[in-house]
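Look at the two complexes coming up: chain A is in both, with chain B in one and chain C in the other.
This part shows the complex of A and B:
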C-alpha cells in the first residue's frame, strides 16, 4: 500500500529538494566562519564535511528503507511506543520549527540590511508568507517541483559568483595546511552544519517514487551543495586577502559588490532579491516539516488549517518582536547545536536501535 | 420532452399532426406539407423548419420524387429518396430534436415510423483565414461555425482510422452538439474519460461559445492562466492531436478547445514547425523574453525609481531624472495611468469598426503619447516602457495567455511600488508556485520544467530540428510515445 501515492516526487525533484534545503543562508557567512577557524585551508574541511554528511544521509536512508512508507513521525511511534515516540515526534517538529524560524528571520534581516532598510519587518514577513503558504499548502509534490524549478532558475548565480575569480590572487591559498590539521578538523564542525538539510530525508523519503535511487540521490544532493560551498569559499579566499575575510559579516555578498556592469550597478541588490528564491527552498521545506509534523501529531490529514495557524503565528510574532542581529546569531547557533544532534547523532542511534529491534523481533514482519 | 402527450408516434396521420400542432405553437417557420404519394395514393405529411433547411434539397430530392412516385407504398420503408443520410424513429423526442436541427420528418398515414431526412442548411460563413491567429506559412483555412465543416478540416489532415470522434450535447435548451476528437492509440484513456465526465456534468441552458465550455470544465477557475487552448486553426488542432491531446469541437463556435495544455504550449505556434529550427528557436526565445518584459518591465521601472535608484548607472539615472523633472506623479501612479490608457486604447480599437479604429490609434499614439509628455504628466521613459510592454504582450501568440499576462503586470506594479525588487521576486515566486501546482485535466501545467523531463525540452525554449524530436511530449500523457524513427543522422 502506498500512502503518498498522489504526492510522489521524482528522484530529480528529491535531489533538488534536499540540496535546495542545504544551500541557503549558511552559505552567505560560511567563508568568514571557515577563515576564522582554519584560515584559507577551510576548503579542506568542506570536503571532509561533505564525506561525513554523505555517510550520515546514507544512514538515514538505510534506516528509512526498513519501512518505506513511514516518515520519521510514523517510525518513532512504531519503534518507541506512544509516549516516547510522541516525544521524538515533538522534538523533530520543534527542530524544524526552530530551523524555519531561523531561516525566515535571517532572510528578513538580510533583506532589511541590504535591500529594504526602511520597511518594517512585519511587512516583509507578510510578504514572505504569501509564497510560503501557497507552496507549502500543496504538499510534497509541489514542493519538489518548486525546488526543481528554482534550481534551473538559479543556475546563473554560481557562474556569476565565479566572475571575481579572475581578479583574485591564487597565492592566497598557499601554503596549504599552513597551520596543520588541527584547525581544519576543528572547522569541520562548522562545515558539517552547513550541510544541514539532508535530515529532511526523514520526512521526504516516503514521498520518493523510486526508492532504489535514494542513496544515489542523497550523494548527488550533497555533492551539489558541496560544490556550491567550495566554489563560493574558494572564490572568497582567492579574492579577499586572508586578513580581510574575518572582518566581513556576509563575505559572499561583499564579493558580489565588486561585480560591475556598464548597464547596471550595485549588482548585489538584484542578486540578493533573486537569492530569496534560494532562501525559500531552505525555509519552505522546514515549514512544511513543521506543519506536516503537527498535523500528524493531532491526526489531521489536511495540513492547510495548521499551516494557516503557523503563518499567522509567524506574522503575529514579527509584529511584536524584531530580532536584533545577536538574537539571529543565537538562533542560528541553537539550530546548529540541535542540528548536530538531530542530523548526525540521532540517525546513527536510530539506525542501531532499529537494527537491534528488528533483530530481536526475528523474522516477524510488521 | 413532450409534456402531457404520448411518447411515441401513432398510426393515424391526423392524430400525429394534431400532436405536432399542439406542441409547436407560434412557430410560423414550421412547414406542414401534405402530399399524396404512390399508386394508389396515400396521405403523407412532411414537416420541417423553413429557416433551418436547404429548400433546394427539399424540393428536388424529397418533394419531386415523392410526387412522381408510381409504385405502391405499403410502409414508410418503401419510400426511396435520393438522400444519403436518413433514419427512422417512432419517438416524438427524436422527431422534435432532429427537426430542430434542420432535418425533415416524413409521416405516412397508417405507419407509426417517421422518416428523418438530412436536409440541413443554414446561413454559414465561407471558410476564411483566421483573423486572430494569422500565420505566415501555415494553412489559410480557419474553423467556421459549423461543426461538420470543422471536423472535415481536421480529417483532411488526419485520414487515419485511429482518429476517433465522440459526440455529445451540452445544455438543456441549446443542445449544443459537441464532438470530442482524439487519436485512440495516442491519447491517454484516463484523460479522455476525465474530459468526458466533466462535460457530462455541465448543466446549463446552452453554450454559446467554446470559451464558455472552457470555463465550465477547467481545473482551477481561480487561476489567471488559461488551462485550455482555444484556436481557430485546423493545423494547430491537428498538431496537438498528434501530441496526444484532445480536441473539442463545439458547434456554432469558430474556435475549438484543446487540452490538456501545459504552460509552455501557449508560446508555441504552428509556424514554429514550418520555419527552420534556428529561426524558430530564436522566435521562441523572443516570446519568452516578451513574457518577462510584459510582466516585469513596468514594475522594474517602478522598483528602480522608488527603491533602488542606486542600481541605475549614473548617466542613465541623470537622463531619467531629467525626463522626470516636471512629472508630479509618483512612479506607480505614472505607470498605472499610462498602462490603463494603453489598455483602454486597445479595448477601444478592438470594438470599433476598422476605419474608426485607426483614428483611435492615431489619437492614442500621438495625442496621449506625445502630448502627455509635453504637458509634463508623464516622463518620456515611461512612454517608452509602456509601448515596449504593449508590444511585448502582442508577441505572445495565444490571445488568452497574452491577456492573463497583461492582467498580471498590475499586481506586480503594486508589489514593486511597495517592496521594490523584493516585491517583484515574491510576485514571481507566487507565479511559479501557482504554475507548478496548476493542472490541466489532471496533468501538470508546469511540465516539462517541473516535473522535469529533459527530453521534452527539445520543444520548449528552443525548437530542436524536427528529426530530433522523436517522441511525443509526456505532458499530455500519451500512451504511444514514439512518433518517428531515427531516419536521419
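This part shows the complex of A and C:
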C-alpha cells in the first residue's frame, strides 16, 4: 500500500527539490572559503566533494530502498525501537530546524546588508514566512512543483554570472596544483558541506513516484549543484586576484556589483531579489522536514497547525532578536558540524546497521 | 480565508511606502574628490546635480574637512540640500600631492566596505590642487561630473590615457603580482584635459607617471590595442627628412614568456601587430619598400616600449602585470620573491615586436 499516494512527486521534481536544497546560501561565500584554504586550486576540491556526496547519497538511497514507504522517522523507529528511535527522530528534527533557522536568518542578514538596510528584521521575516507557510502547508507535491518552477525561473542567473568572465584573466588560475594536494584535501571538508541538502532524501524518498530512478536522480541533482558551484567559484577566481578573494565575505555578490548596464546600476540588488527564490528552495524543505518530523512524533497526520506554530515562533523570535553577523557565522558552523555527522557519517552507520540487522532477521526467518 | 490572505498581502505590499525616499530630496553625489588641505587635513569634495528649477547652477560643490571620506560626508550633510547618497558615484578623484603622501587604500576603504557605494566609479588622479577642478567653469560642457567621465572615456578610447574603476584598482593593489595605475586629469586654460598614466607602488602611493605620448604604448603592453591605437613617427631614419608617418594598430597577437636565469626573471615578449598606414607626409613607395617600412616601424615601437618598461622598472612598479605571468609559469620562484616589484625592477625584459602592414589606404 502506498502511504503517500496523494503526495507523490515526479523524478524531475525530486531532482530539483534536492539540488534546490543544496544550492542556497553557501554558494555566496564558498569561493572565499576555498581560496582561504587551497588558493585558486579550490575548484578541484569541489569535484572531489561532488564524488563524495554522490557516494553518500547513494548510500542513503540504498538504505531507504529496503522499506520504500518509510521516511527516516519511521525507519528509526523500526530499527532502533521506541525510545532510541525517538531519540534519532528528535535529533533529525533538531538538525532540520537548525538548518532552516540558519538559512532564514542568513538570508535576512544578506538582504539587510545589500538591499534593504532600513527595513526591520521582523518585516522581512514576515515576508519570508508568508510564501513559506503557503507552500509548506501542502506537503511534498507542492514543494516539488515549487522547486521545479524556481529552477526554470532562475535558469538565466548562471548565464549572468559568467558575464564578468571576459574581464578576468585565466592567469589567476595557473599553475594548477600550486602547493600540491594537501591544501586541496583540506578544503574538501568545506566543499562536502556545501553539498548538504541531499540528506533530505531521507524524508523525500518515500514520496518519489518512480523509485527505480532514485539513484540516477540523486546523481543528477548532485551534478547540477556541482556545476553551479564550479561555475561560480571559477568565475570568482578568474575575476578577482587570488590575493583579493580572501578579503571578501560574499565574493559572489561583489562579483555581481561589477555588472552594469547603461540603464541600470547595482545589478546585485535585482539579482539578490531573484536569489531569494533560490534561498527559499533551501529553507522551505528544511522547514517542511522540521514540521513533518514533529507532527510524526506526536502522531498527527496534518501538519498545518504545527507549521502555524513554527511560523509564529520564527516571527516572534525576529521581533526580539536580530542576530549580528558573528552569531550567523556561529549558526552556520554549528549546522556544518552537525551536517557532517547527519549527512555523511550517520547514513553510513545506518546502512551498515540496517544491513546487519536484516541479515540477522533474515537468518531467523530461514 | 482567501479574502483574509489578500488583505494581508495588500498590507505587506504597502510596507515599502513607509521608508521611501524621493529623488529630489536626495543629494546624489556623482563625483567625490579627496585632497590634502593646508595642515595635512583631508579635504573632501563632492559634486552633485541640482534638480531645482530655481537654482542658477546645475550642480553644487560641497567642500568639507574631515578625518576620513565618510567623516567628511557626514559633515557635508550639514551643507547639502538633501540627504547625501553615494551609490551613484561616477568618479573618485584624488589630487597628485595627496596620492603622493598617503596610502590610497585606507582612504578608499569606504567605497568597498559599504555595499551601497558603487564600485564601478572611475578612479582618477588630478594633476594640481583639486579646487582648480572643482570650481572650473565649463560653459560649453554638461554637468561637471558627466564632463569628467566623458573626457576620461574618450581619452581612453583613443589610448591617450587609461581607465580604471574602483574594483580594478582594488584588485591590482591587493594582488602581489601587479601594482595599480590610474588616468591623469588636468585643467589646462580652463579646459579639462585627460592624458598620461599615474603609477602607484606597492604601498599604493603615487610614485611617477607616464606621459600622454607613452600612453598608447602602455596600452599595447596591456594587450589593449582595439579599437585602433594610433601612433605617429618621424621618418628621419628612413628618408633622411623630417617627415611623418601615422599608423593605426588594428590587431595584435601577444605572447609573454617568463623564465628564470642567473637570479633574475627574464621575459620574452613577442607581439605581432597588424597596422594600417593612415598618413604619410612624404612619398614612400609602399609597394617596393613595404618590408623595409615594417622593419623600421617595429624598431621604433620596440624603442618606445623598452623605454617605458625601463621607466616602470626605475619606479619599481608593475602596472602591466608581468608578475601574473611569472606567478602562473614560475610559481615556486615567484613565491620566493619577498617583493615582486623589486624582483621586477631587476628582471630582463626583451620585447620583439613585428609589424605587418595590412593596408595603406586608398592612395598608392
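Please note the rule applied: the second predicted complex is superposed on the first by the 362 of 366 C-alpha atoms of A that agree within 3 Å, B and C clash if a C-alpha of one lies under 4 Å from a C-alpha of the other, contacts with A are read in each partner's own complex, and residues count from 1 in each chain.
Convention: contacts are C-beta pairs under 8 Å (C-beta built on N, C-alpha and C of every residue); 3 or more make two chains touch, one makes a residue touch a chain.
Bear in mind the structure is a predicted one, so any value in this text is a computation, not a measurement.
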Partner chain(s) touched by A:277 [first = chain B, second = chain C, both, neither]: first
First (chain B), second (chain C), both or neither touched by A:166: neither
Per-residue touch tally on chain A - higher for chain B or for chain C: B
Which of chain B and chain C A:131 touches, first, second, both or neither: first
Which superposed partner A:178 touches (first chain B, second chain C, both, neither): second
Touched partner set for A:114, first chain B, second chain C, both or neither: second
Partner chain in contact with A:148 - chain B first, chain C second, else both or neither: first
Touched partner set for A:257, first chain B, second chain C, both or neither: second
Which superposed partner A:240 touches (first chain B, second chain C, both, neither): second
Which of chain B and chain C A:326 touches, first, second, both or neither: neither
Contact residues of chain A, present in both the chain B and the chain C interface: 119, 123, 127, 130, 265-266
Parts of chain C lying in touch with chain A, wherever the complex brings them together: 8-9, 12, 15, 19, 87-88, 115-116, 118-120, 167, 170-172, 174-178, 321, 324-325, 327-329, 331
Chain B-facing residues of chain A, complex: 10, 12-13, 111, 115-116, 119, 123-124, 127-128, 130-131, 134-135, 138, 142, 144-146, 148-150, 152-153, 262-267, 269-270, 273-274, 276-277, 280
Complex contacts: residues of chain B adjacent to chain A: 307-308, 310-314, 316, 418-426, 429-430, 432-434, 436-437, 444, 446, 449-452
Complex contact set, residues of chain A against chain C: 113-114, 117-119, 123, 126-127, 130, 169, 171-172, 174-175, 178, 240-244, 247, 253-254, 257-258, 260, 265-266, 268
